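Each of the next two complexes has subunit A plus one other chain: subunit B in the first, subunit C in the second.
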Partner chain A sequence: MNVLLKELKLNLKSLIIWCLAQCFIIFAGMMKYQGFADSEVDVSALFDSLPKEVLTVLGMESVNIATIPGFYSVFFLYFMLLAAVHAIMYGAIAVSREERDHCADFIYTRPRRRFQIITPKLIGGVINLIVFNAVTFVASVGFIAYYNDGNGMISEVSVTMLALFFLQLFFLAIGSFFGAISPSTKIATSLSTGFVMLTFLFSVIADLVDAADFLGTLSPFNAFNAQDLVINGQLEGLPALILLAATLVFSGLCILSFHFRNLKT
Partner chain B sequence: MNVIDINGLTKYYGKHKGIEDVSFSVEEGEIFGFIGPNGAGKSTTIRTLLALIYPTKGSATIFGKDCIKYGHEIRRDIGYLPSEVFYYEHMKVLEVLKYSASFYDNVNPARIKELADIMDLDLNKRIDDLSYGNKKKVGIVQGLLHEPKLIILDEPTSGLDPLMQQKFFDLIRKENELGATVLFSSHILSEVQKLCHRVAIIKDGTIVDIKDIQEMRRNNYKKVMLEFDGIIDISHFNLPGVTRLTLENNVMEFLYKGDINKIIQRLQGVKLANMLIEEPTLEEIFMHYYQKEE
Partner chain C sequence: MNMIKQELRMNLRSLITWCLSLLAILILFMLFFPALSDQMEEFQKVFNSFPPAFQAALKLDTITIDSIMGYYQFAFSFILLGGAIQAMNLGVAIISQEVRMKTGDFLFVKPITRNRVVTMKMLAALILITMTNLILGIGASIVLLITDAQSFDLKTFLLINGSLFFTQLFFLSLGLFLSAFLKRIRTVLPLSLGVVFFFYVISMIQETVNDPKLRLISPFDYFNLAEIMERMEYNAFYLLLWMLLIILFVLGTYWLFRRKDLPAI
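This part shows the complex of A and B:
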């Protein structure tokens, strides 16, 4: 419990900043919607005139962004990216922080097994993810309700946040695994950034090039379809299960690799 | 009973040797010195004992239990001061100490205050505002606050001023009198000499010798200085048992191990201006171990 509380305290400031950034993005995004709505321009026609590739990269392919649900569904891509970076960095840093700060000798010479120190760190990570997710939920419902005549689309946003949470857990586990196998925090965070960029690139390429569809199956960013979530309010079970299983596997690998690690001073 | 038993402990970092075939035992209630220059393998040995790193070969037991397998149980009764002291920088001293205490059962809060008072440590300062010496004091207090049965100190005095060093030695002696066993690693021999009962000497990752401090000084070398009134042939004193023989401006110096009467016999008929026979410092004995293989 002491390690968990210390982790939560250590990460409080960064969590607040992440949450504020997320609120700002949702706020700024919905402001843009208001801009579209007020301009009386045929937004759909405007976007239809853009090349397919551009729309794919922006996550706006085959979505009617002139409607609130359509517009909000585009956010899911940005939520995924932000949440992925937040979760993967959290995992990478939480596991390797003591070695980076040269206090591994302080904490790992206590009467605890290593997993008894790493597990509370990961639980602290899950709590951070839940807070980040809840803030995204509240900000989304609030801003949508404001622009949508008081209808906050609570059930659709709830399903979207649930999907986001599975992705967050997956990226936390991957980050913590990188933290456990990397010789330094710097390498762990570089690997993490690389992983997010690469898998994101996979999902974009898979959407653009039909022949590269298989890349999509490798990318967690393709696990859920924004339209299904936001417009139809449906969450696919299989991708959720696969992400959950991968989360458990990589968390286990993190604990195992960390157990056999030679700790640096 | 032995508190620490190390058997053939070896640690390689890839091809680079950390320690090789290190074996020694530390008896209950003794203050055991562990000396060697920087990079000789002292910290590697200690960090293996604490299961921070895994041995390539060999094993060690503490309180009779394997130090890797039962590390978490053993560490309940170990107080450790690492050579490099870094803590959670943004925390206050008292927070770090309370965090440290939270890993043990029944730490008396009054003990933190008492140790901090002895070491003249301000509990309300932030760690990143502390000097190196003051961080070391935090290390000392966190290592002792749970009244450990085994105290492992890795280069504990660097950064402490002489007055603090003295207070620290008094503190360690007191803990020892109360029953704690101490493993004291250092490259400064005078402090090992002051505090320890026995000493292991480590060089290039290998134990060179293990000695009783008193016996080491009694049975070992005499340091001889002879100042001649006139010219003397250096070969006159080149006897078995004489080492590090030098002659400069009629002043001859050497270390001697053997029957002192043989030296006296050689002095017959020689005119001396001055003569000194003294115990060598541990430093000189120590240098002897380092030079004899070179």
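This part shows the complex of A and C:
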């Protein structure tokens, strides 16, 4: 319990900054929606006829961004990117923080097993993710309601946030796994950066080139389809299950490899 | 001079890693160029069937990812992302590492002013960024010439590659400023990755909504690649803004760091 409280306190400031950044992103995006809504007439017809390569280059998927749900579905990628960076870095640091700050001598000499210390740290991470997710939810519903005559699309946004939460958990687990297997925080965060960049590029290329669809299956950024989530309000079960399974596996591997780790003092 | 040499030596490995990763991003994209250009041929007919007014409004004439330079410009936006992370990292780390690695006691007690230390470190960072750009420029021109030597256009190539240098300088000075501004930085990557991805998402929003106000805070759009391709020159206003911000950040770094309370061991 003490470990959990300490974790939450340590991360409070960075969590607040992340949440503010997220609110700003939603604000900055939705602010200009009005401009799109005004010119709806031609745009909708035209966008349907454009090939997806062109839309990818333009920064839009093949959805009609002149409607609120279509416009909001574009946001899912932004949320994923920021949430991935937040979660993976949290995981990478939470596990190796004590060694970085040279205070491992104080916590790991207590009469507690290592997993009893790591588990509350990971739970603290999950709480951070939930707060991040909840703030995104509230900000989204608020801004959507403002531009959509009071209709906040609560059910669709909830499904979207649920999908985002699965991704967050996955990235937290991967990050903590990197933290547990690397000798230092620096290497853990470098590995995490590489992982986020590589999977992001995979998803971009998979969207662009038909022949590269196999790269998309490797990328968590492609696990969910923003259109299904936001427009149809449907969450695909299989990717969610795979992500959840991967989360459990990597969390387990993290606890296991941390158990055998040679702690630097 | 000793300081510059020392910095270069310490950063050599990360320089090589970054150059290789940036080149790898480019090669990854270029590998899929043949598949994409086959795919795009079919859509060329669709484009041509649009009325000219629509083509102009959507800037379809500027999206030419089926030509090698157009595709290079598209791929380069991801190199910009990577390069920004590298530069930001370098900027945040290069001064703050003395405190973080507890070597400040050895450097800041020497009979040189802090301003001189900052200047030397900035010069070292500048050399590292310049080397990254040179190596990437040479590597990229080889890759492009191998893929399609006929349509290689030197001026476009230089303009596009120049935007990497300028964007990197921006993030370098932003990183320097942040490292002088923040009280203590324990791990560099979460900070730099968070900031860079935040601005990256802003630039993606900017691509969709195209708002001049938002562009002011979107450093990735100061040198907008699509615009550079179209006009074959940089946008003077944003170049000026870029220069102003860099000067502010650099002066701010000097001013803040001179007054900064550096913790001893």
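The definition used in the following text is that the second predicted complex is superposed on the first by the 243 of 265 C-alpha atoms of A that agree within 3 Å, B and C clash if a C-alpha of one lies under 4 Å from a C-alpha of the other, contacts with A are read in each partner's own complex, and residues count from 1 in each chain.
Heads up, the rule we're going with is that contacts are C-beta pairs under 8 Å (C-beta built on N, C-alpha and C of every residue); 3 or more make two chains touch, one makes a residue touch a chain.
The shown structure was predicted, so the numbers you read here are calculated from the model rather than taken from an experiment.
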Exercise. Which partner does A:D210 reach: the first (subunit B), the second (subunit C), both, or neither?
Worked result: second
Exercise. Touching A:L238, do we find subunit B (first), subunit C (second), both, or neither?
Worked result: neither
For this session: Figure out whether A:K186 sits in contact with subunit B (first) or subunit C (second), or with both, or with neither.
Result: second
Problem set entry | First, second, both or neither for A:D101, with subunit B first and subunit C second | both
For this session: Identify the partner contact of A:V74: answer first if only subunit B is touched, second if only subunit C is, both if each is, neither if none is.
Result: second
Exercise. Which partner, subunit B or subunit C, touches the larger number of subunit A residues?
Worked result: C
Problem set entry | Contact residues of subunit A, present in both the subunit B and the subunit C interface | 101
Exercise. Within the complex, which stretch of subunit C touches subunit A?
Worked result: 21, 25, 28-29, 32, 35-36, 39-40, 43, 46, 50, 54, 58, 60, 63, 65, 74, 78, 81-82, 85, 186-190, 193-194, 197-198, 200-202, 204-205, 207-211, 214
For this session: Using the touch rule from the top, collect the residues of subunit A that touch subunit B in their complex.
Result: 2, 6, 10, 101-106, 108-113, 116, 260, 262-263, 265
For this session: Could you pull out which subunit B residues touch subunit A in their complex?
Result: 13, 43, 47, 50, 52-54, 71-73, 75-76, 78, 80, 82-84, 86-89, 99-100, 102-104, 142
For this session: Spell out the residues on subunit A that touch subunit C in their complex, using ranges where they run on.
Result: 14, 18, 21, 25, 28-29, 31-33, 35-36, 42, 46, 49-51, 53-54, 57-60, 65, 74, 77-78, 81-82, 85-86, 89, 93, 100-101, 185-186, 189-190, 192-194, 196-197, 201, 204-205, 208-212
